Amino acid sequence: MSRGFVESTIVSFSRALSRALMSEEIARQPGLLQSLDPRVRLIGLFALVLAVTLSRRLAIVLALFLAALLLAVFSRVSIGALAKRVWLVVLAFTGVIALPAAFLTPGRPVVVLAGGSLRITAQGMATAALLIARVETAVTFTTLLVLCTPWAHVLKALRSFRLPQEAIAMLAMTHRYVFLLVETASQMFESRVSRTVGRLPGAEQRRMTARTAGVLLSKSIDLSQDVYLAMQSRGFRGDIRILADFRLKPWDYVGLLAFLCAGGVAVWLGR
Amino acid sequence: MRWRRGRLARKVNHNLALLFELQDIGFEYDCVPALRGLSLQIVEGESIALLGANGSGKSTLLRILNALYFPSHGSLSFCGRRLTPQLFNQDAFALSFRRQVALVFQNPDVQLFNPTVFDEVAFGPLQLQWPREQVLSRVNATLELMNIAHLRDRPPYRLSGGEKKRVALASVVVLDPDVLLLDEPTSTLDPRSQSQIIDLIQDWKGASKTVITATHQLEIVEDIAGRIVVLEEGKVAATGTPAQILSNQELLVRANLVHAHRHSHGGLTHSHPHLHSHSKHGHEH
Amino acid sequence: MHIPDGYLSPSTCATLYAGAIAGWYAALERVKRRLLSRFVPLISVFAAFAFVVMMFNLPLPGGTTGHAIGVTIAAIVLGPSGAILAISIALAIQALFFGDGGITTLGANCFNMAIVGSLVAYGSYRLISAGSSLSSKRRVVAAAIAGYLATNAAAFIAAIELGLQPWLFHNAVGTPLYAPYPLRIALPAMMIGHLTFAGLAEAVISAGLVAYLQVADAHLLRGTSGIPASSEDLLIPRVTATSPRRLWLSVALLMLLTPVGILAAGQAWSEWSPTEFAVAGSPAQIAGAGSVPSGTIPAGMQRLANLWTAPFPAYAPTFVKSAAFGYLLSAMFGVGFLLTLSLLVQRYVERRRTMRYSR
């Protein structure tokens, strides 16, 4: 029962997250990022992610993190939501992964524990801090992109960068199917957890998991065929069509320049 | 919003304008036959109810009529033109067909794949590459017509069953098609939503649109159709007026559209064929 | 095994992106020639499915995360090209929406899980299940083994990529600039998690799904079964090895370009100073300048490295003789070997099938 509980918690969490990310409410707000052409947003934020990877100094990465915070504030993205959904999760995962680096990286010991056998070194702390800061900053930038841009616009922008049409079509449909799948999986888990009384023996658990996965897959395949037919029925021929017109205004050029300069400066200072 | 009058097929003679002609259609899902030797003629402006139990091939037939599937043998013609996959490779023909012939799926979740209701209704016009202004005005008009304007910014997973059905209908109605193919439009709906949809179908009938409704609910067929086609195991079992078909008990039982089981009312226990909905009080003996 | 931004050096990222792009291009070309309109939604379903499967992951200290992938069932139903695309799309959406895996490392992640994973899964499934009927139990076992191998292969490659980082890329003080764990830590950290929990999870899921599909939806298994179709299947295009030439080409290119790419780019970025290797580089010297104390290189790997460096003639640049270069070469050739092996297996199985059925 406890494993079922963990699974359903994960699924309901991802359901909430996927709904939040796919609701595109923030994308409709008037904010700094939203005011820029989606292509500029894409290039600019990816440039900043690249700058994060290229910087070797913690100070610079933290400065980029600050820039991300400012972008969030001016784009009507709630800091609290970012913290809860993004930063804490990343910290939990990357923290666990990076923590041993503090102990294992040789160098000048700063903290000595357990009678000398466990040493935290200055280099180790620097490494761990750099790792975690990089991931947090990079993920913040990509999350901002996704929160402030409707998915159809992301795809349209990618298409304008010459990504093959088939890839775009698959990205579009997978996005929709993920949502459907998470919803279906949530419902299945909810009904299954409520039906299961007590713990099942290991082999039975595995069989049930496999059967649940099988039913989920079958349902998804059937549903996906129908979704695709429905799209075709209304004239879908493979290309994404949106209401908005992508046209670069002077403000977009300013934004692009700002992004690239910030990235360039960060790389230069952080080399 | 006023409906455009359906005026599609070139009149073969003064009285009959043949819209769809199906000759000996066969279709299989991975070697399992869904339709076999099905022949049917549909005249423009007709309102047809496709009756049949689940698995009789109703949905498959609708999808073939909408050129989403192509028959593995036999031929399907629309306005005298044979429909083939090659024909649908041409953008011009495909887009004009998609505007003229619309299908509303049984499961609305299948049809709601855009982030908001507005986007959903706008999807069709955008695919047909209508100019921006036209898209906006038609979408707004359709939202008003279907009473869902207040839902325009709602994501689809936050809609009730009836609202989803209305949005699915709206997404198709916005194109003002000449042929409407409806797959179980009223199943799973509450009575008020059902009656709204029946009203809509009757409006379309009045505007001489061709409406083909697949359903297993016998109680609504008289309101929505002038002709009934009964499907049984992938073939046409019978066709006729509602009065003719509904009085043919033997046919209805054979086609699994009614059932007989012991039930009681008025203190009396008996068994005889009756409709699935037991909400009708008091049938007389 | 999603590798986040900042764990791989830019040159490593660029090289693996090149490899991934080659794989994507080859896969897309093969898929395009099929009935795209039916295949594309199916690929997307498996992408979505893999997405959900990969959500359940555990952090592995000293590595990245451990989880099943869903690549095996994708390869079994869609074939290798479809699976490459499906998993890559899942990874792309995860990177964008959930920050699971970085943007700069998307190429690397796709290379590890989508390309290596698909090919190993497909190759081993075909090999083990060859000749058996659609409903035979051997297919279930084949799926389990294929899943186990594919997950561990992907984890192994990821571990190599991560473990090489502190060797190759560190600052003057010795602090690793990217992933900080050397091979001796990264390998066990990643492999223990996958040899036990993640590999088993993938095996169970793959076997369970094949068993389920055998009963519920057997036609989905026909595409990669090697059994010729009796009627035209509109849904799943036939997956044959009629011309894997493009895939061969990309593998060959990859094997050739990868070590060259990493080295050339590494030189260009001055991530290691040539003066370190002025003397015919001994492993001890490299180790001293790096973060890991010497003498801790596993003896087996040391021998493997010498295998590559020993034959090089005296006029070769001195850095060629470094242990790091040797590790790189062995890793990349290991990958190439694995890929080539699975392609050979595929070819062999196909030839046997056509021989048998043409009698």
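Order of writing sets the chain letters: A, B and C. Residues in each chain are counted from 1.
Keep in mind that, in the parts below, a contact is a pair of C-beta atoms (placed from the backbone, for glycine too) under 8 Å apart; a residue touches a chain by one contact, two chains touch by 3 or more.
The shown structure was predicted, so the numbers you read here are calculated from the model rather than taken from an experiment.
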Contact pairs, highest-scoring chain pair: A-C
Chain whose Cα centroid lies nearest the overall Cα centroid: A
Interchain centroid distance [CA atoms averaged], chain B/chain C, Å: 48
Intercentroid distance (Cα basis), chain C paired with chain A, Å: 22
Intercentroid distance (Cα basis), chain B paired with chain A, Å: 41
Overlap residues in chain B, where contacts from two or more other chains coincide: none
Of all residues in chain A, the ones touching two or more other chains: 180, 227, 232
Sites on chain C touched by chain A in the complex: 4-7, 10, 13, 24, 28, 31-32, 36-37, 40-45, 47-49, 51-52, 55-56, 59-65, 73, 85, 89-90, 92-93, 95-99, 102-104, 171, 173-177, 179-181, 185, 204-205, 207-209, 211-213, 216-217, 220, 291-293
Of all residues in chain B, those that touch chain A in their complex: 63, 66, 68, 91, 94-95, 98-99, 102-103, 105, 107, 109-111, 113, 115-116, 119, 122-124, 126-129, 132, 135-136, 153, 155, 157, 171-172, 175
Interface residues, chain A side, partner chain C - complex: 7, 10, 14, 17-18, 21, 46, 49-50, 52-54, 56, 86, 90, 92-94, 96-101, 104-107, 123-124, 126-128, 130-131, 134-135, 138-139, 142-143, 145-146, 154, 164, 166-167, 169-171, 173-175, 177-178, 180-182, 185, 206-207, 209-211, 213-218, 220-221, 224-225, 227-228, 232
For the chain A and chain B complex, residues of the former touching the latter: 19, 22-24, 28, 150-152, 176, 179-180, 183, 223, 226-227, 229-237, 241-243, 245
